[in-house]
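Okay, got some structures for you below.
Across the two complexes that follow, chain A remains constant while its partner is chain B and subsequently chain C.
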Partner chain A sequence: MQDFLELAVSASASGCVYGLVALAYLLMIRPTAIINFAVGEWAMVGAFGGFLLLTRAEWPYPVGMAAVLLAMLAVGWATERIAVRPLVERGAPLLAPILALLGMLVVFRESISLAFGPDPHPVPYPFGFGRLELGPLAGSYQSFFIIATTLVVFAGVWLFFERTVAGKAFEAVAINRRAAALMGINLARVTALSFAGGGAAAGLAGLLVSPNISAHYLMGVPLAIQGFTALVIGGVGRVEGALLGGLVLAFAEQLTVRYAPVPAGYAQGVPLVLLMLFLLVRPTGLLRAREARA
Partner chain B sequence: MSELARWLAAAVVLAAVPFFLGEYHNDVYRKMLLWVALALGYNFLFGISGQVAFSHFAFYGIGAYSIVILLFQVGLPLPVAILAGVALCALLALAVAIPSTRLEGFYLALATLAFAQLFVVVLNEGGRVTGGTGGLMDYRLPEIFGVRITGPWYTTVIVAVLLGTYAILARLDRSWFGRACRAIRDNPEAAAAMGVNVARTKVIAFTVTSVLAGLAGMAYAFVDNTVNPPIFGLENAFLLLFMVIVGGSGRPAGAVIGAVLLYLLPFVLSPLIGHHHALVFGLLLVGAMLVQPRGLIGVYDALRRRAA
Partner chain C sequence: MPIARRARAAALAAALALAGSAAAQETIKIGVITDKVGPAKPYAEPATEGIVFGAEEINRKGGILGRKIELLIEDDQGRPDISAAMARKLVEAGAVFILSMSLTPATQQQQNVTLAAKTPQMTPMNSGDTLTTQLDNPYFWQTGPLGSIQIATLLSYARAKNLKRVALISDNSDLGQLLARFFRSGLEKSGIEVAVEEVVPRGATSAEPQMQKIRAANPDALFMAGVLTPENVLILKAYRQFGLKFPIHASYNLSVPQYMTVAKGLLDGVTFVDAYDPDKPEVKAFEAEFTRVMKKPPYNLHGYGYDGINLVADAIRRAGSTDKEQIRAAMQATPGYAGVMGAKGMKYVFADGKRTGFDPNGMVVRVYEGDRQGRVVHVGQK
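For the complex of A and B:
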């Protein structure tokens, strides 16, 4: 039991990271239907931002974290400007921006590898390395920090969609683009904001996970696959689904490593198998999208 | 010139080239021919049928690994091993394609990407059968009637694979089947209304191109006489997509141009930027999507129209 509770804390922390990446996908898919596979590279850029500001420049953690998030908003916004907007304005098929973003994925990764070289770069823990016990639950400081930050982010995003006019505009675009445009919602602004938000969510995921795994130029694609799997498990319709999907995936991974009688290397296959299964058997995910209310 | 004479001329020219090249350039040349064969198949799958699949390169790997395992671990004779490898590729392709045809657009890409990654995981964890992370090596092409095909003569085999791939795909493209594939790519509902069986056409296109990739992979297995997991990872699956888009998707000539260009580009670029030629590939892809979605062949068409 002790063993399981320990695993539950660390699995929840990884699940929160996957959930943030899934949230980044979701913010962009809902209003635009564009699957941006470059979110993993955004997470990587966020991690390298942490290395630059926190390790090299030794900024205080909250300041550095805020600066990384602002920079990631700009990166998401700029990516939309370069690779998405010209194609949407031209009325290109939906696949065109998705493929252009795949090109951006390679551009991001190779630029970082050109600038920082192939070695992993350390990123500091905000509260140092230590162990926290909360009743029966115990884990590293970083695990609890990841879980708390992610809960705050998801609560904020949930409130944004449920309680603010801007959030309602996002939902309206997601439900019916054409009708939303006719109601006076600025589609271009919603798209730009969704990419900026996606950049920040993915960058935060990268920053949070980087003290454990170090910033490395190849860290993006595995995160992109795990995040997308989390999204497909939870369903693209609801914000809570992204977090739920991330947690389901992380528990499946860690329980397989700990208890299943297979070689550890096969654990890498868990998200892949789950992704295929959910796409084929239950493409709507665990949570159904909310129906449009009259 | 008749059709047959043209094919023979192409075969003779392509097969004669390696006899004038040194060992190193022969190696570069036949890998280029294999990339062209792969790009032609991927062009049919992605450019003509409109299926964004990342599994094409994995089937190249399945072909390469299966021929080596069937020959040297199972101990089958060469012709039987080739047939068994083709059957294996076809079965796996059907197993992937039949459930996946329901997936729209980029969701198919992610399901096939998961399949391709899973293949690499299995290669790494396969123990004695797949040789783990080091792969399989120290094997030689078996003798056929007491003759072992090596050097430039083996390049002839690859020329045959390439021209066979091209012949089959060109035939399919010009047939009823090719038009059905294009109709589904442009508008599946309209195609269904015209009486095209959408699911079956997609499955057949996926299976045929995957088997062709597997055959090219079997030829690849004896180019370096080693197969190992990193070659069959995502990098090359992406590269294949980039080749077809940069060259011009939907046109065989575009696939050939894209494959030759992106295959040779690193050799030109490496003195300038070392191993970072992928950066140029990414920029080329973004540029193609933004400036000329029909790729280099589209640029050529536009120039010719202006000249006329």
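For the complex of A and C:
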């Protein structure tokens, strides 16, 4: 039982990271229908932001974290301006910006690789490296920090969509772009903001996970795959689905490794099996989008 | 017309002198296939830097046979599917020798070309045991320490510890899996039970479930065969967080100095196998010269490339020609070359017609003292 509770903390932390990457996908897919596979590279950029500001420049953690998030908002916004908007304005098919963003993935990865080299770089923990025991639960300080931060972010994003006019505008665009435009909603601004939000969510995921796995130029693609799988599991319709999908994926991965009687290494197939299962059996994910109100 | 004859003779002599001078200027082309963007980049980049430094040093000293070395460097992205095409490109560009600095499967693919084109090829850094056995290619040599030598050296060190049951952990990279296989087979041959074997996949965000299973098995020691630094750091973090006490014996990957920064506070007491002895005179001279010229200190991976280019230069010198067949014969007959890598006194030699040149007793075991790569605690397999 002690092992299970220990694992629950570890899996929750991993699930929160996957959930944040899934949230980044979701923020862009809902209003634009564009799948941006460069979110993993955004997470990598966030991690390297942490390396620059927290390790090299030794900024206080809250200041460095805020600066990284602001920078990632700008990275998301700029990506939309460079790789998406020109294509949308020219009436290009939906596939065009998706392919352009795949190109941006390579640009981000190779830029980081050239600037920082191939070796991993350390990013500090906000509360140091250590073990915290909360009743029966035990885990690293960082695991608890990741869980707490992610819950705050998801609560904030949920409130934004449910309780603010701007959030309703996002939702309106997601339901029907043409009708939303006729109602006076600025589609270009919603698209830009969705990319900026996606950049911040992905960058935060990278910053949170980097003290554990270091900042390195190949960290993006696995995060992009895990986040996408989480999104498929949770469903693209609801914000909380992203977090739920991340948690389901991480628990499935880690419980399989720990308890399933399968040879070492086979457990890595779990995300792919889940991805296929959900696409076949429940393509809308665990949580369906709410119906448009009459 | 003696004057006209003398003039013609003088013109002919001048033309011959110019032609001779042009021949002297002609470079010796050596191909390098490296990985600039793929998964082998962290290893291939410093090792290739060692080749470039070595080639420039040779050129500063007058080159080989009076000719300068010209490196033709190609990037195969660590992909076996395009690696053979890179080898073909180098052969067609006139390379008389190819140095392979990419992943083991990529190097294997290149051999199909070098065998057909009868072009000498060597990998100074790949550690897969099967590179010289899968294909009977007399034009190919391997001078990096084999995976089997690594585990044999570690086992030789661990023998005194009276191990009965151990745990083995690796990653899911090609090389990590290959090394895990060598580790498992070496352990089992020594009568040591592998009680539990785990894999941390590339891109994992936690190694806690794997380390929980290992903790539950209560092994006498943990052998780490993985080669991916972030995943190895995850293993070390879980080990420290769980307060585990059994010793860790690790592959050469732990010899990469980057661990001293990304695994700070996690390394004390971890033993690792290495092919680099900082007290060796050749290493001291190499480190001093590299630091002077490149304005940064080298480490073991640079040494692999440096030894590689110097072995090639040595073979071409002894061949006395850039004829590929003569270079092949000279390389195979290498009489014993003392390089940077290997324990004190180790020499590369291809004994008994074999094409693996690293002495089975040439590796060392070192121990982390705090966060510093510390002293040599064991040499060879004895």
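One rule holds for everything that comes next: the second predicted complex is superposed on the first by the 294 of 294 C-alpha atoms of A that agree within 3 Å, B and C clash if a C-alpha of one lies under 4 Å from a C-alpha of the other, contacts with A are read in each partner's own complex, and residues count from 1 in each chain.
We adopt the following convention: a residue touches a chain if its C-beta (ideal position, glycine included) is under 8 Å from a C-beta of that chain, and two chains touch if they have at least 3 such contacts.
All of these numbers come straight from a predicted model, not from anything done at the bench.
With both complexes brought onto chain A, simultaneous placement of chain B and chain C is prevented by a clash. Look at A:F228: by the touch rule set out above, it reaches chain B but stays clear of chain C.
Once the two complexes are laid over each other on the shared chain, residue contacts for A:L279 go to chain B alone; chain C is not touched. Once chain A of one complex is fitted onto chain A of the other, the partner contacts of A:S194 are absent, as it touches neither chain B nor chain C. When the two complexes are overlaid on their common chain A, residue A:L94 makes contact with chain B while staying clear of chain C. By the document's definition of touching, of the two partners only chain C reaches A:H216; chain B does not. Contacts of A:G103 after superposition: chain B is touched, whereas chain C is not reached.
In the superposition on chain A, A:N36 makes contact with neither chain B nor chain C. In the superposition on chain A, A:T79 makes contact with neither chain B nor chain C. When the two complexes are overlaid on their common chain A, residue A:D119 makes contact with chain C while staying clear of chain B. Of the candidate stretches 19-27, 109-117, 145-153 or 307-315 in chain C, only 109-117 runs into chain B once the two complexes are overlaid on chain A. Residue overlap on chain A between its contacts with chain B in one complex and with chain C in the other: 110, 113, 221, 225, 265, 268. Chain A meets chain B in the complex at residues 35, 82-83, 86-87, 92, 94-100, 102-107, 109-111, 113-114, 221, 225, 228-229, 232, 263, 265-266, 268-269, 271-273, 275-276, 279-280, 283.
Residues 3, 6-7, 10-11, 13-14, 17, 110, 113, 117-122, 129, 131, 140, 209, 212-214, 216, 218-219, 221-223, 225-226, 250, 253-255, 257-258, 264-265, 267-268 of chain A are the ones touching chain C in the complex. Residues of chain C that touch chain A in their complex: 37, 39, 41-42, 45, 172, 177, 197-199, 201-206, 208-210, 212-213, 216, 229-231, 233-234, 237, 240-241, 243, 256, 258, 261-262, 264-265. Within the complex formed with chain A, the residues of chain B that make contact are 52, 99-100, 102-103, 105-107, 110-111, 113-115, 117-118, 121-122, 124-125, 234, 238, 241-242, 245, 273, 276, 278-279, 281-286, 289-290, 293.
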